[in-house]
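Right, I'll just put the structure down here and ask away after.
By written order: A, B, C and D. Residues from 1 in each chain.
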Amino acid sequence: MLNDWLFIGIFLVLAPVFPALALVIPRIIAPRKPNPLKSQTYECGIETVGDTSVQFRVQYYLFTLVFLIFDVEIVFLYPWAVAYEQLDLFAVVAGILFIFLLVDGLIFAWRKGALEWE
Amino acid sequence: MGDPITAISLWLDGLLAGWGLAPALIIVIKALLGVGALATAVLLVDIFLVWVERKVVARFQDRLGPNRLGPFGLIQPFADVIKLLIKEDITPVGADRIVYNLAPIMALATVLLLWAVIPLAPTVVGTDVNVGVLYIVGVGALGTLGIIMAGWASNNKYALIGAFRTVAQMVSYEVPMVIALLVPVLLARSMGINSIVNAQDSYWFILVAPIAFLLTLITSIAELGRAPFDLVEAESEIVAGFHIEYTGMKFGLFYAGELLHALTLSGIVASLFLGGWRGPGAESFPLLGIVYFFAKAFFLYWVIMWVKYSLPRIRIDQMLNLNWKFLTPLSLVVLVVTALLDKALVGVQPWVYVLVLLAANLVIAWVTLQILRSRARKERQRVAEPRPIARPPAAPVSSQGA
Amino acid sequence: MIPLSYFLVFAAALFSIGLYGVLARRNAIAILMGVELMLNAVNINLVAFWRYITPTQIAGQAFAVMVFAVAAAEVAVGLALVISIYRRRNTVVADDIDLLKF
Amino acid sequence: MTALQIIFLITAVITLGAAAMVVITRNLVHAALWLIMTFFGISVLYVLLNAGFLAVAQVVIYIGAISILMIFAIMLTRRVQQDFGPQTNAAWPWALVIAAALFGGLIWIFSGWGNFFTQAPVMGERADPLRQLGMALVSPEQYVIPFEVASVMLTAALIGAIMVAWERK
């Protein structure tokens, strides 16, 4: 069981090495002549005005919120699907009921208009 | 002599044991070598993908594409890489240096990590960890994180807006994707990718779950942020999105990550629905499995490019409507129908099972198309109504922008 | 092999750090982060007890799953409250949010 | 010291360090990134505990959803982002004392317990915690009620959060 994860663990350690190498090489061979004008924030050629952290719409939060709830519920269904062979009718219905409760939330968000982008 | 990979593995076992190393250490060394070989091979394929991308887009646009450097321009991507390596890399003023440099590394590393669970051939499996499908979703979530880090650390309005749009799109489309991925898990009774491929020995899952296949493909394209879902890097609005401030190799890493991500997701979809490495003779000659796998993966990759260069970009409200009001309900319906039919059809002949599930999918598809048709009719009427051409703004614009 | 004590000490330390965050931070979002740390410490304990004491019953994992659900619900509602308060009172400092006092 | 112990100790030190940074650092976005690192370390610990499903669920739910929601909330309350002043309240020394006392007390209680240094029993080759979990969550003798209640609770949280966060103009 842990041997399965050993490969992923080594991958986890090695995977960032390749892109990091690709960032280190330009450090050595690429020219470096920074000046204040060059490192200005790019905005279609005009000078940038005001603060970077603009005010975002609350809609971004709402969509992520609906996503969070759905994500959590669906992740719980994965063990149910894996054990599907051994489940009796009651267990299957319990899973379907779980999905219907999920649909409830979706219908509410839809009716309420929280899924509209204005 | 059908299986050189196992032969090499056994030979390494013998060699290392001959040096007097402990068995646990041998496993670690073999895993290290495997990871190194796999990652190098994948990155070479990635460089090759640059050439494929440029060549295919040229053909779609009736051009020739790169054709000067080497046969068919095959050396061109290496020239590209060298050019990126010797470009000056500029850090914008006010950037958060550590996070700014970490973001492109994460963008490519997370895509590489996905290859740990993709089976290339019966014997060339990185690891068949028993939660493979969720592992893919989780690593994808780490990729989302890289984008938000890039957008925030650049200290640029457009980058931040682009990152927000990207993340909103990626997390939204993750919902139907996770539900659609549940269907092959349900059919195979396992989350391990190789177990799912093994479960497709008598029929590919695209036969019993064609709608889930299409849903996975569409949501994969959205996860990639490719056209028609490329509003996250709409040049006319926010220039390039989250990687606007990245230059040289840092931009190159984002680019390479995006190309490789497309192939990786194609490979995953091929494994889950098209039988992965399965094909005539793949069991006895594992190397054939690699050929079949990449043939299927590149076919799907080509489909993704076909879509990319054929469809116009959609608006953000259309993108979100498509996801929450069409793909998510459809995927839930497909999941419930598949689950119920699977339980009802216990003990029948495989061909009955396939036919019933295929018929059920066709019925769902037909009903969906009818609903879509009536919606489209209404939409055409709505758009055709006369509207005022231009109005002066009635009230001062509210402060809620972006 | 790792004895159970490692996990318990780790979880206790994580819980204490989370508690410090909850008690000491001013920002309501940072306080929620502290709560997340505490919930994670609890989860580690649940899974460790499952693995070391009752590996044949699945209770520990099942309750860890429930804690995931609780954490998700807590974050969703908590952050919604923070955003709502921010829009009305322009602050997310917990000490300033004392509406219930009067 | 076995290899597993070394892996555990490295992970634990990194995770606790990241957790400490979460409560210390002044920049809230950095705090969120440290929090993500903590979650990741905990997911590695789940792997060491043979709970692979919880490890990936941790990454999907905590890193993929909860952290992103937090980062969005931080960016939505933008005036807070520029607040780089002291991020602790006046009573922080007391908080430190209470946290340290709690840690000491917990260790003291644990150390008196007979099973404190127990080793993990061997998991059989045929043991399949994932399938067992899937059956337990929907079986009437076990956890079907908590499972459905969790679903109801999440739906309620969704409805409540939308009502609170969203106001039509």
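Please note the rule applied: contacts are C-beta pairs under 8 Å (C-beta built on N, C-alpha and C of every residue); 3 or more make two chains touch, one makes a residue touch a chain.
The structure presented is a predicted model; accordingly, all values stated were derived computationally and were not measured.
Q: Count the C-beta pairs in contact for A-D and for B-D, then report the pair with the higher count.
A: A-D
Q: Of all the chains, which has the CA centre nearest the overall CA centre?
A: The most central chain here turns out to be A.
Q: Compute the distance, rounded to whole Å, between the mean C-alpha positions of chain A and chain D.
A: Chain centres of chain A and chain D, defined by C-alpha means, are spaced 17 Å apart.
Q: Go ahead and note the Å separation of the Cα centroids belonging to chain B and chain C.
A: 33
Q: Centroid of chain B to centroid of chain D, CA atoms only: how many Å?
A: 28
Q: If you average the CA atoms of chain C and of chain D, how far apart do the two points sit, in angstrom?
A: 6
Q: In chain D, which residues are in touch with two or more of the other chains?
A: Answer for chain D, listing residues that touch two or more other chains: 4, 48, 50, 52-53, 57, 60-61, 64-66, 68-69, 72-73, 75-76, 123, 130, 132-133, 137, 150, 154, 157-158, 161-162, 165.
Q: For chain B, which residues are shared contacts with two or more other chains?
A: In chain B, 129-131, 134-135, 160, 164, 167, 171, 174, 191 touch at least two other chains.
Q: Can you tell me which residues of chain C touch two or more of the remaining chains?
A: Within chain C, the residues that touch at least two other chains are 65, 68-69, 72-73, 75-76, 79-80, 83.
Q: What are all the touching pairs of chains?
A: Touching chain pairs, listed by label, come out as A-B, A-C, A-D, B-D, C-D.
Q: Touching chain D in the complex: which residues of chain C?
A: 1-10, 12-21, 23-27, 29-30, 32-34, 36-37, 40, 43-44, 47-48, 50-53, 55, 58, 61-62, 64-66, 68-77, 79-84, 86, 90, 92, 94-95
Q: Which residues of chain A touch chain D in the complex?
A: 1-2, 4-5, 9, 51, 53-56, 58, 60-62, 64-69, 71-73, 75-76, 78-84, 86-87, 90-92, 94-95, 97-98, 101-102, 104-105, 108-109, 112-114
Q: Show which residues of chain D lie in contact with chain C when the two form their complex.
A: 2, 4-5, 8-9, 12, 15-16, 19-20, 22-23, 28, 31-32, 35, 38-39, 42, 45-46, 48-51, 53-54, 57-58, 61-62, 65-66, 69-70, 73-74, 76-77, 79-80, 83, 86-89, 91-92, 94-96, 98-100, 102-103, 106-107, 110, 115-121, 123, 127, 129, 132-133, 136-137, 142-143, 146, 150, 153-154, 156-158, 160-162, 164-165
Q: Spell out the residues on chain C that touch chain A in their complex, using ranges where they run on.
A: 65, 68-69, 72-73, 75-76, 79-80, 83
Q: Where on chain A does chain C make contact in their complex?
A: So the residues of chain A touching chain C come out as 58, 61, 65, 68-69, 72, 75-76.
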